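Please find one structure pasted underneath; my questions will follow.
Note that the chains are named A, B, C, D, E, F, G and H in the order they appear, and that numbering of residues resets to 1 at the start of each chain.
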Amino acid sequence: MSFNYNRLDKDDVVLLMVDHQSGLLSLVRDFSPDDFRNNVLALADIAKFFDIPSILTTSFEDGPNGPMVPELKEMFPDAPYFARPGQINCWDNEDFVKAVKATGKKQILIAGVVTDVCVAFPTLSALAEGYEVFVVTDASGTFNLTTRDAAWSRMEQAGAQLMNWFSVGCELHRDWRNDIEGFGGILAKHLPQYANLIQSYTAQKG
Amino acid sequence: MSFNYNRLDKDDVVLLMVDHQSGLLSLVRDFSPDDFRNNVLALADIAKFFDIPSILTTSFEDGPNGPMVPELKEMFPDAPYFARPGQINCWDNEDFVKAVKATGKKQILIAGVVTDVCVAFPTLSALAEGYEVFVVTDASGTFNLTTRDAAWSRMEQAGAQLMNWFSVGCELHRDWRNDIEGFGGILAKHLPQYANLIQSYTAQKG
Amino acid sequence: MSFNYNRLDKDDVVLLMVDHQSGLLSLVRDFSPDDFRNNVLALADIAKFFDIPSILTTSFEDGPNGPMVPELKEMFPDAPYFARPGQINCWDNEDFVKAVKATGKKQILIAGVVTDVCVAFPTLSALAEGYEVFVVTDASGTFNLTTRDAAWSRMEQAGAQLMNWFSVGCELHRDWRNDIEGFGGILAKHLPQYANLIQSYTAQKG
Amino acid sequence: MSFNYNRLDKDDVVLLMVDHQSGLLSLVRDFSPDDFRNNVLALADIAKFFDIPSILTTSFEDGPNGPMVPELKEMFPDAPYFARPGQINCWDNEDFVKAVKATGKKQILIAGVVTDVCVAFPTLSALAEGYEVFVVTDASGTFNLTTRDAAWSRMEQAGAQLMNWFSVGCELHRDWRNDIEGFGGILAKHLPQYANLIQSYTAQKG
Amino acid sequence: MSFNYNRLDKDDVVLLMVDHQSGLLSLVRDFSPDDFRNNVLALADIAKFFDIPSILTTSFEDGPNGPMVPELKEMFPDAPYFARPGQINCWDNEDFVKAVKATGKKQILIAGVVTDVCVAFPTLSALAEGYEVFVVTDASGTFNLTTRDAAWSRMEQAGAQLMNWFSVGCELHRDWRNDIEGFGGILAKHLPQYANLIQSYTAQKG
Amino acid sequence: MSFNYNRLDKDDVVLLMVDHQSGLLSLVRDFSPDDFRNNVLALADIAKFFDIPSILTTSFEDGPNGPMVPELKEMFPDAPYFARPGQINCWDNEDFVKAVKATGKKQILIAGVVTDVCVAFPTLSALAEGYEVFVVTDASGTFNLTTRDAAWSRMEQAGAQLMNWFSVGCELHRDWRNDIEGFGGILAKHLPQYANLIQSYTAQKG
Amino acid sequence: MSFNYNRLDKDDVVLLMVDHQSGLLSLVRDFSPDDFRNNVLALADIAKFFDIPSILTTSFEDGPNGPMVPELKEMFPDAPYFARPGQINCWDNEDFVKAVKATGKKQILIAGVVTDVCVAFPTLSALAEGYEVFVVTDASGTFNLTTRDAAWSRMEQAGAQLMNWFSVGCELHRDWRNDIEGFGGILAKHLPQYANLIQSYTAQKG
Amino acid sequence: MSFNYNRLDKDDVVLLMVDHQSGLLSLVRDFSPDDFRNNVLALADIAKFFDIPSILTTSFEDGPNGPMVPELKEMFPDAPYFARPGQINCWDNEDFVKAVKATGKKQILIAGVVTDVCVAFPTLSALAEGYEVFVVTDASGTFNLTTRDAAWSRMEQAGAQLMNWFSVGCELHRDWRNDIEGFGGILAKHLPQYANLIQSYTAQKG
């Protein structure tokens, strides 16, 4: 009955970025556009900072769903990238799953658009195969709060853990002394309110 | 302890549409009237598209609760239809349950008005008989968000899975290549924001 | 692993009305005052209608908490009534628990003010003694939504079922034919929107 | 440029209750049903208490709009009552306007359903004829807050004053000493939170 | 100081539909997509019903803003249509203004995307030229509520009247007897909650 | 047409604190209790700091409305204090008005409970007598936001200016150099978020 | 399957106050600043009242995060205090954990800033070591409600119980007779709405 | 009585950026931090794009209020910059006003923190001197929505026009053909949802 706390481990985790495409992003209404862009790029910066293997995928990118957001593509030039020919659940794409398994990691960080489909389906698939799945809720968006709430419920029930990009970064980092400047830089870039603290501090410290 | 992901399977699922009646609909206030009408009809279109056996039922339709929404009746002219003489929980109506069992399906999709009674009661009954139950939360409405939250909690606790019409459609469809036009048509009809993507795409592609 | 659906049974349930006192009611801010008064009285009417044994209790009613709402006292003139001398959790009052046990019921319906204390504590106590506990969420109020959410979470986790007065009434009634007029009268009195349906129906039926 | 404060004067005001009909009430979603029923009846009680001449009117009451709420009809058995044959703006009904003018009052209190039509149109008409118009905003309802905001803006711009039933009652009463019991009774009936204060006071005063 | 009520007059009004384009619509977040589509089409149906001269315009429709919503184009096949080459304020397009003036109307109904630019600018321009301008607020959308509130304030201050499609329809119609079926049909189509009233009425009337 | 900016002038303003009584405060629901207490006491601190003549009044303080909040009474031991025998509008109390006029001030700061009555009525009365009236909106509370919005509209329309305690303090202070410590102390006490800035600053400056 | 209700026991619980620092507090936006300050100080007062061993810790207090709130430091002058040199999860600080274990308590009360990191991480760590953990949700703050909801979900899933400072106080106190004055004093200080009840009571009792 | 539409004119307008300082920004809670940073920088980019003379000012920047946001300072290296020694209303600083007047412009664009003081006071001062003032509401922030609403009301009443950065940009630009790339670049940078449209367009156009 006792709980076992398996922390996110930068050496045992793979990041899945699912369907952050220019068309699909216009469907996201549980975040403001500024907030959501910031959250997605913050998560990407964290993955880069910790050298976490990352896998990108899109759905029908030649159609109305549009291409993957260019910033993401540029940030992960060498990451495995799967433009799926039709599978809605990216876990149904054999190449994608093969790439995930090839990393040898047991933990999955996942974010995507829309939460109830592009995130929930592979989350359930991965849980069913024994992975620990951590959903980055604020880098995943969908139509409205009702849909979000239902999707979160389904994933929780199956055992997924709900996190946000900031707590993901902190759980991976563990100790500021591992790299104060680097991690602080990410916070300053993606948390304007934290950047303000740093600026006041610097000014006042002289 | 490991999770088993039984996806919605179009060959093993039956849809129950419970008490979408003109009078009862005026009680629904956890959705705007436009949104709710759209959600209910979208779910019906999905059931038609995947040829999912569907069963309709109403409560006291000759009284203040009013008749079933005519669009639903027209969409399922041959579906089993049970105007219950008094049972509040449609699972207490023997003919209804017999019809459900006659389909031989093990998965149930359910939506209705109001969520805390007409959806929750048969959901709990069906779970108790071993069915997998998927509640279509956005085609189910009730008095207010407090009531909705309590009803969702009770159903979750009993093992129901909470979904929305869009994720139901996607989980049933699995792969766009199974029928791009057909499935895309449903989305265009019921997701104006997706219709806009298609229209821009078509115009720009020339 | 299968779920067992023990419905609310009018012959096996006792209602606990905890601390609906004039002073404490001024603390309730997760409902409008009109809504909350209506919900509490609706629950009381349901208990009367189904002849459910009911037990009332108050905390420090001679102090700032104030006396029990007079309507409740008048509706249950013969119900066991316990003005607790100091116990915060009414389950710590031996006489109260004795009265509950004397009913011989296995199901408990509970509502009170405030949700996180006067409802949550006896709910947890009763669950620990093996009772099935159904919390009437909309006849229970507290300081704000954050507090409400936390209190609901704690009770859910312990196995309580969250309901609302309308679903309680419907689950107890089971079939309209048991008494159409009586049950309809309660709805007409406490659901203005349903009263309107009845009125339109009556006028139009002529 | 200086402001002239013409208070509501019980000897110079007429109340117009417009289209509070059982069908139309189902359209009101800027208030909870309990709150709205309470507000409408509170306004009616105030008019009765101050013997304010009141005029009732309905639109197509034999059709889907339904009959006027029975409580209102019963409270004003002798009031002029106009079931309009088709005019949307009740000010377009000559008999209605004649009745208003026959009162000889210069101030109008108005409430109705829906705010943007049944209240706004006669408000603008009456202002154009030189009446002072006081809109009872919480006894007037409409589809949603966007519509409410636009309707309020239009009426404000034309010079209407926006009030609520409680401030209407207080401005008419002027001094508690005119009738403490009577006015307090209305507040106790329609402000549960005030009834609680009275109850605590009474209990504590002994 | 007295107010002059110039009602919307179907013989003296022109409708301007500004920039309802597939791309721009993805920017609208002060309404749900279903609600907004419904509102825009309801306004168009009203204009058709009353034979109100209507003028359509788009901004950069060959670029990312996308083409005008096809339903609008189909509904107004013979309406003047101006695909502006670059003017942001459509009132800066001479042909557009010429078309407005050619109608000889003194009242303008306007709706568009986004409210703070495509609606506010021509509204201010038209007011400055002496037109009476009625903004259809619920067929006009923008980025968020803060922006909406500021845009409404600016237009109010300049003398524009804020309305919604329903009140526009009612003020134009004036009397149900002018065409009960026709006008009722529009309401039934665009107000699901009113359609339900009609359906209950019809069923119960027999 | 040009605007004349008469700033709040500490030598020409009187503060009216109306009906902040223990019973009436339980009616205030447009602020959280913590926020409201803080706002009222902040306004009082500002009046003390600038030595603004202040006048206190209560309505029926021996009845359910309860006594004035003790902190206020203690802060203004020598202020004129009027326990009104029955007048709802404190401007109807001759002694009160005499006290206001005796100050010889032309500007009035007013706050009270409830906004739509105890603030709005004297505000309109004072405007009618030529005073400039500044309503401290966040030290004035009422039943809900609908009521607040209507009351604000009525007061704006009559020419009152809506402010908050912080802007009142700043407009009176004009220049930090007049007393940095004193004014900063009030902010630190009533703006926890500003207190945090000061604390960080002090710590970092060393 | 039966639930075991281990109440908070003042003799078996330790309080952890984590990172309530002046800089970090500016990040908290799921509470108003007034509410949050009040909640944190109320929790501290409760711990003092029940003589609960308390442990304080901060993260990088010499940097932008700023010093611990001075009120907390003053209230617990003798409490173990750990200014962590870099560990984000305070449970990673050996001295901190040693201090917790040295208390010999089996229950942990925890509050901190931000909820998703500074509260969630040590909560999960403590649960994994077999502690019962009670999160004081309203004395713990974070960036926004989405983040809060995800963090609560993760902690619930692991077995933490979500409470609020008021229910913590009540569960520890158990019976008012243990010290009416003392406990009432805390409520009067931190619940203005309860202070009002006491004041009315005292005035009316005479 | 007729309205005169003086558009924002890039040759006759000066921008005032008031007190966007790292400490004060932590007080802004009517926008998310991401949204607010984006809005402020978008406004700055617009001023740069149209070469609008800009004046910056800060209040007590060596104290807890902190230094001006560095991005702003860098964007306007040659702009007049006034670190006010104590005046709260920047219009009380003679050098500042002299700089404004030296521009010879008749229109003022203003944004700042906090809205009710640092924006409202100079807005009223400038209006009183005959300037046309356009408040950029979404680049101005304050404590909460109540405060924002009151501040907007006061400025509107005095004749200020409320705008948002996007409408400011569009009113200045007038015609896309003046510089499609340049203006589109600003939108792409500060409206992620518009950037997505551009990206889809570019991809699909090929």
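What we mean here is this: contacts are C-beta pairs under 8 Å (C-beta built on N, C-alpha and C of every residue); 3 or more make two chains touch, one makes a residue touch a chain.
In UniProt terms the chains read A, B, C, D, E, F, G, H = Hydrolase.
All values reported here derive from a predicted model rather than from experimental measurement.
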Target subunit D (Hydrolase), source subunit C (Hydrolase), minimum contact steps: 1
Copies subunit F (Hydrolase) and subunit D (Hydrolase) - interface residue numbers shared by over half, same or different: different
Interchain centroid distance [CA atoms averaged], subunit B (Hydrolase)/subunit D (Hydrolase), Å: 41
Subunit B (Hydrolase)-subunit F (Hydrolase) separation of Cα centroids, rounded to whole Å: 54
Chain centre separation in whole Å, for subunit H (Hydrolase) relative to subunit B (Hydrolase) (CA means): 49
Inter-centroid spacing, subunit E (Hydrolase) versus subunit D (Hydrolase) (mean Cα positions, whole Å): 31
Set of subunit A (Hydrolase) residues in contact with two or more other chains: 23, 26, 32, 64, 66, 191, 193, 196-197, 200-201, 204
Which pairs of chains touch, using the document's own definition: A-B, A-E, A-F, A-G, A-H, B-C, B-D, B-E, B-H, C-D, C-E, C-F, C-G, D-E, D-F, D-G, E-H, F-G, F-H, G-H
Residues of subunit B (Hydrolase) defined as touching subunit C (Hydrolase) within the complex: 23, 26-27, 59-60, 63-66, 85-89, 92, 114, 116-117, 120-121, 124-125, 127-128, 130, 143, 146-147, 149-151, 153-154, 157-159
Residues of subunit A (Hydrolase) that touch subunit F (Hydrolase) when the two form their complex: 197, 200-201, 204-205
In the complex with subunit E (Hydrolase), residue positions of subunit H (Hydrolase) that touch it: 2-5, 30-31, 137-138, 152, 156, 161-164, 166-167, 170-171, 173-178, 180, 191, 193-194, 196-198, 200-201
Of subunit G (Hydrolase), residues touching subunit F (Hydrolase) in the complex: 22-23, 25-26, 32-38, 64, 66-67, 69-70, 191-193, 195-197, 199-200, 203-204
Contact footprint of subunit C (Hydrolase) on subunit F (Hydrolase) as seen in their complex: 26, 29, 32, 144
